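Presented sequentially are two complexes of chain A, the first with chain B as partner and the second with chain C.
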Partner chain A sequence: MASRDRSEQRDRAARVTHGTRSASDWRAAATFIGPALVALALVAVLPTVWAIVSSLFDWHFHRPHLRTFVWFDNYRRLFGDSRFLNAAWITFIYTSVSVMATMVLGTLLALLTKAPFPGKSVVRALLTIPMIMTPVVSTLVWKTFFFEADVGLINWLLSLVGVDGPAWVARSPSALFTILVVNIWFMTPFVYLVMDAALDGFPQEVLDAAHIDGANYWQRVHHVILPMLRATIVFTVIFRITIDARMFEIIHVMTGGGPARDTEVLTLWVYNAALRNFHLGYGNAGGVVLMVAVGLLCFAIMLVGLRGIYQRTGTS
Partner chain B sequence: MDRRTFARPTTWRVTLLVALTLSLASGLALAQDRPHEGAVITIGDLARGISDAYLPFLDEFQAETGIVVDVEQLSFDALFDKMMLEFAARTGYYDIVYLSPGFMATLIDAGYVRQLDDLFEESGLDTDQFLAAAIDINRYGPEDAIWAFPYLADTSVFLYRRDLFEDPDERAAFLDRYGYELPIPTVDDPMTTDEFLDVAEFFTRDDMYGFAYPQGGTAYGNLHILPWIWTFGGEYYDADLHATLDDPRVVEAFDFAAQLQAFQPDGTLAWDYGDHIPMLCDGRLAMTAGWFHIGLDANDPESCPAVAGDIGYAPPPYAPGSGLDHGFTVLGGGGLAITADSANPEAAFEFLTWLFANEERALEWYLTGGAATLSVVYDAPEVVETWPWAADFFPVANHLLANTTKQRPTVPNSNEIFEVMAETWHNVALGRLTPEEAAAQAHQRVDDLLQAIR
Partner chain C sequence: MSPLGRRRALEALRLVVIALVVVIAVLPLAWVVLASFKGPADVSQMPPRLLFTPTLDNYNRVLDAGFFAFFRNSVVITVAAVALSVALGVPAAYGFSRLRVRGARGLLLFVLAVRFVPYIVFAVPLFVIMVRLGLVGTHVGLTVVYILVNLPLVVWLMKSFFDDVPTDIDDAAAVDGANRVQSFAYIVLPSALAGVACVTILSFIFTWNEYLLALVLSGRAAQTLPVVLTRFLGGMEDPVRWGLLSASSVVVLAPVVLVTLLVHRYVRAGFGGRPS
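For the complex of A and B:
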């Protein structure tokens, strides 16, 4: 019996190796993967396809039965729409600054807490608190407790040193600064956790060897740790870009896109265009542009960032 | 009657017939009293005090009519998004929805809500028993049809610190600085816009601002600039849907609002609904404006202990150069509309009538946190017994509703027009546009939007 099982396993392995699969192999694969594929199609593929298709229509949310196929007119309109272009620019600034800042801060925190010290687990737990808070709640706290112009903590502290603080949320560019601060505060713990986990598994002997070779701390970080964590860093950057480029709650609650559209990012633009002004097709065209732009950027980062690693490990 | 007599076929049949007739008649009578028994009405309303206040009535209504009422209370964004999805899919999920004036034309234009004139007519309900403003806010179209049941009629009452305005030292200082008496505004003698600026400037000090009004986002950015444009004699567009913003009166309005901005807290450009209440209640605002409940609460010792009893009520300032003898405020509030896909429109109307058109219940609703749309509620002695300061408030509030309020521009793409106007005003307040540039730019952009619906 046991020898028959082993023989079947050998046959299956041989078929897989040579690219030939039996009907039962396909059935087994379908049983395992099928439900996941169906779920993925329902929650990810269908809405994406629908968004792309609807972006080719002059389609109004409040009159869904009246739609006209307009080919790529919505896309043509987008690139002459100053409000859309402004939103794209704000999204670029917001995402770039936020991703860079969280990567630097998260990595530094992970490096700082790498060595064992008393109460390390408590510090770790405290550092992750922002991430587990509801974005809407934490944004409201920042808005009313910290950034409020008249009774906020920041302006009170500034007044102690004789500085008249601005109306942070109501002025430019301070409004953009506030949403960046909240997002950096909110997302740095994520980067910290990923980098901390990566550093935990980092081979100590490599660092010891570098130390013996005379490398100081920053040289070890710069020439040993960061290059060896490149795959983790690339993955984290990509993940962070996809989160920040689609950020909605923090901005909606903190500034609502104002003042004068100075903090209106693309997600907010899509929301306003499709759900407030009912230009469903046009709004979705903006959403598709955002999706394609983020996808291409992430692909490029992956291509450039992981190239050396693939060549080294020969896994590509 | 002995047993044998009753057992006779004729007697037995007659008795049965009488019993059947009686039970049928009583059943019919019951059915006439409760014609919609078993119906379920779903209401989509905003989560706030006035909707909380009608929840206690639902059980009584169900016991009386057999109609079950479910109320979903959501934030504006959540309600609006859900409502639109249900409408677009034509599910008939909601029977009644809160109809905000900003989106009224869009929903009517799309055929999602039902005209109510026929139901008013069939029920014999007298629309004159309601405040005219409460009906007017729900009118739309060339025939001025009624599209929602009166639920909330509101506007911005101007509030001022009566104690400061009447203080002899303050009055002397004002006279000394400006050369005329510090004006105390009344409905018969409102301030002029020039006086308003002087007073705002006079009271702007280290610990106090002369004036403050929320101006954040599309809604409040628009609610701030629109009444000033009206006050100076301007309009967003004319009857033929052509923009009318490239006009010296609109320039004057932008200029006035920009000057007034110097006497307001910096944060007002991001303030939303009610964000000025803390400063008002702390006694750091000499003047402000607010919806009715804000005005009433300001003199309530429980809500605003620091300034309660010191708040005066006033009409908006007017611009003598405009040729108009009063300023303007935006008619706010909204109605409860019956959806076009409702399976139970009559039952829905029965509920609205039962609660909001019944004097006793409407008064109880108002006294427990609701709104007043029946004229009789404003005159009820219980109101002044509950809130003694309402005796000062209601004459001004009624004057505003009858004389200074105007329905905001209502076209299917109103929200886009409001976005343009709010953004333009924010750019003026931030010093990026001069009033002249703002008027010209807004004119072009609003006209482009109107072109789509002309």
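For the complex of A and C:
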């Protein structure tokens, strides 16, 4: 009797989870996932399509009646526009230096804090502070208290060793240096947190085995730890690139793109072209170029970075 | 040096480097908190004055400057935006974790892709669209737009938390006659509350700190704190402004820093660490 009850229950469970699956799952999917997708379609897909379509028009915000369809003229113009090409170059420099620096520093920091030490959890909590501080505030603090030319902390420290520090923010190339410093300070904790979590799940036996085989610390890092963290590293690099390539607040607050246009990145260029000068079509064309370039770069990194990774773990 | 002595020296060096990194990480926060209690005579002194008579003048001036209205803007928009994103994103994450629907993988990647698009690409069209709808400068406009920032994060993180809940308990709920919605609300969701806490806190931080979309879309009436702060940049040759800037900065930072330090384990969980 009891066993028949149980088998009936199993049948009923099977009906719920398997039997009527396709029909009920579609209805359930519409209930659970539908609202989120509709919301994203409205706030993300619609504007993206709008940006792409508008980039094919000569379109000034305050003269909408003069809007004309110009095919790819805006894109053709972009690649002869020295201000746009300059912004693309600055974006490239800014992103590559910042991504590389934060990846190296964050990973080293995670390795450095791997072995236990007193106060480790407090250190971990304090290291997240740069990442959660309002970027506008951090940039203001760096700008007014640290990089300030006359009474700033950095020039005071330099004066102690007899160096006359420059007017950091107002001059080139030090202006680019200041926004890089703030960005690296801001984003290293992110890489650190991800790498620290990945190292936490790292099998100690593997390291012990390599240790017994006579590998020194850097050999173990190079030949054992980094290869096993490859997928994490690839995804972190992609995430970092997408964040830096669209960075706006640090640069807008620190330099506003200056001096001249020496720190004007693409995000700022689009902002100026579309929302200051109100050339909607032309500005959006620049935004679309940025979006496609970042997308292709990340896709390429994913293809190259993850090639063969699943076979390798499969055979080992 | 003996091997043991060398190892001790290396360990000491390691702790010194870690301490140095921590100092660099917290220095801007410590600096601005100290400066906010300094009078105009102390605030721009080099070498920095660590001993000074603390004053609340800066905070009084922040209150006088009508900062409270902007603080309210930030609170209203952040709370509403986080609630909206969690309400939309948590059920969606459950769906992606539990339902076998064709094309779900592609949809999930689409949700993730939103997070990777440069926000300026969204900002320009949203500005034009919202001008037409009369939503620029309203709380509702910014609240809805912040779905962009938060929803992908909520869906992806919550999915991984739901994936960690064993499907056996779904089956047990089904045996007891629970339908999908009941199974989600009464069984699976309560087992993943740590995840809900985690995505709520991270969304809160990202929304509170957001600048570009707020700058473009908040108009005059709905300006949030990061946008207002940059106004204090003018006239920085006057030390009184430094005090004002510091005190208002501390007001902006206080909620995110306190939340992060109090519930650090949830913040860490958002980056792949276990919420220990």
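What we mean here is this: the second predicted complex is superposed on the first by the 284 of 316 C-alpha atoms of A that agree within 3 Å, B and C clash if a C-alpha of one lies under 4 Å from a C-alpha of the other, contacts with A are read in each partner's own complex, and residues count from 1 in each chain.
The criterion applied here is as follows: contacts are C-beta pairs under 8 Å (C-beta built on N, C-alpha and C of every residue); 3 or more make two chains touch, one makes a residue touch a chain.
As the structure is a prediction and not an experimental result, all values here were calculated from the model.
Contacts of A:Ala167 after superposition on the shared chain: chain B is touched, whereas chain C is not. In the superposed model, A:Leu275 lies in contact with both chain B and chain C. In the superposition on chain A, A:Val237 contacts neither chain B nor chain C. When the two structures are aligned on the shared chain, A:Arg261 is found in touch with chain B, with no touch to chain C.
Once chain A of one complex is fitted onto chain A of the other, the partner contacts of A:Leu40 are limited to chain C, with no touch recorded for chain B. Of the two partners chain B and chain C, it is C that touches the larger number of chain A residues. In the superposed pair of complexes, A:Ala175 makes contact with chain B only, with no contact to chain C.
In the superposition on chain A, contact is made by A:Arg63 with chain B only, not with chain C.
Of the two partner chains placed by the overlay, neither chain B nor chain C lies in contact with A:Ala285. In the superposed pair of complexes, A:Ile154 makes contact with neither chain B nor chain C. Common to the chain B and chain C interfaces on chain A are residues 61, 151, 275. Against chain A, in their complex, chain B makes its touches with residues 80-81, 84, 87-88, 106-107, 109-110, 112, 216-218, 221, 265-272, 278-279, 413, 415-416, 419, 423, 426-427, 429-430, 432. Across the complex, chain C is touched by residues 9-10, 12-13, 16-17, 21, 24-26, 28-29, 31-33, 35-37, 39-40, 42-44, 46-48, 50-51, 54, 61, 109, 112-113, 115, 117, 121, 123-130, 132-138, 140-142, 144-146, 151-153, 156, 185, 189-190, 193-194, 196-198, 200, 232, 238-239, 242, 245-246, 248-249, 252-253, 266-267, 270-271, 274-275, 280, 283-284, 287-288, 290-291, 294-295, 298 of chain A.
Residue ranges on chain A touching chain B, taken from their complex, read 61-64, 148-151, 166-167, 169-172, 175, 255-261, 272, 275-278.
Those residues of chain C that touch chain A in the complex are listed here as 14-15, 17-18, 21-22, 24-26, 28-29, 31-32, 35, 44-48, 88-89, 91-92, 94-96, 99-101, 104, 107, 110-111, 114-129, 144-145, 147-148, 151, 155, 170-171, 174-175, 177, 179-181, 184, 205, 208-209, 211-212, 215-216, 225-226, 229-230, 232-233, 236, 242, 245, 249, 252-253, 256-257, 260-261, 264, 267-268, 271-274.
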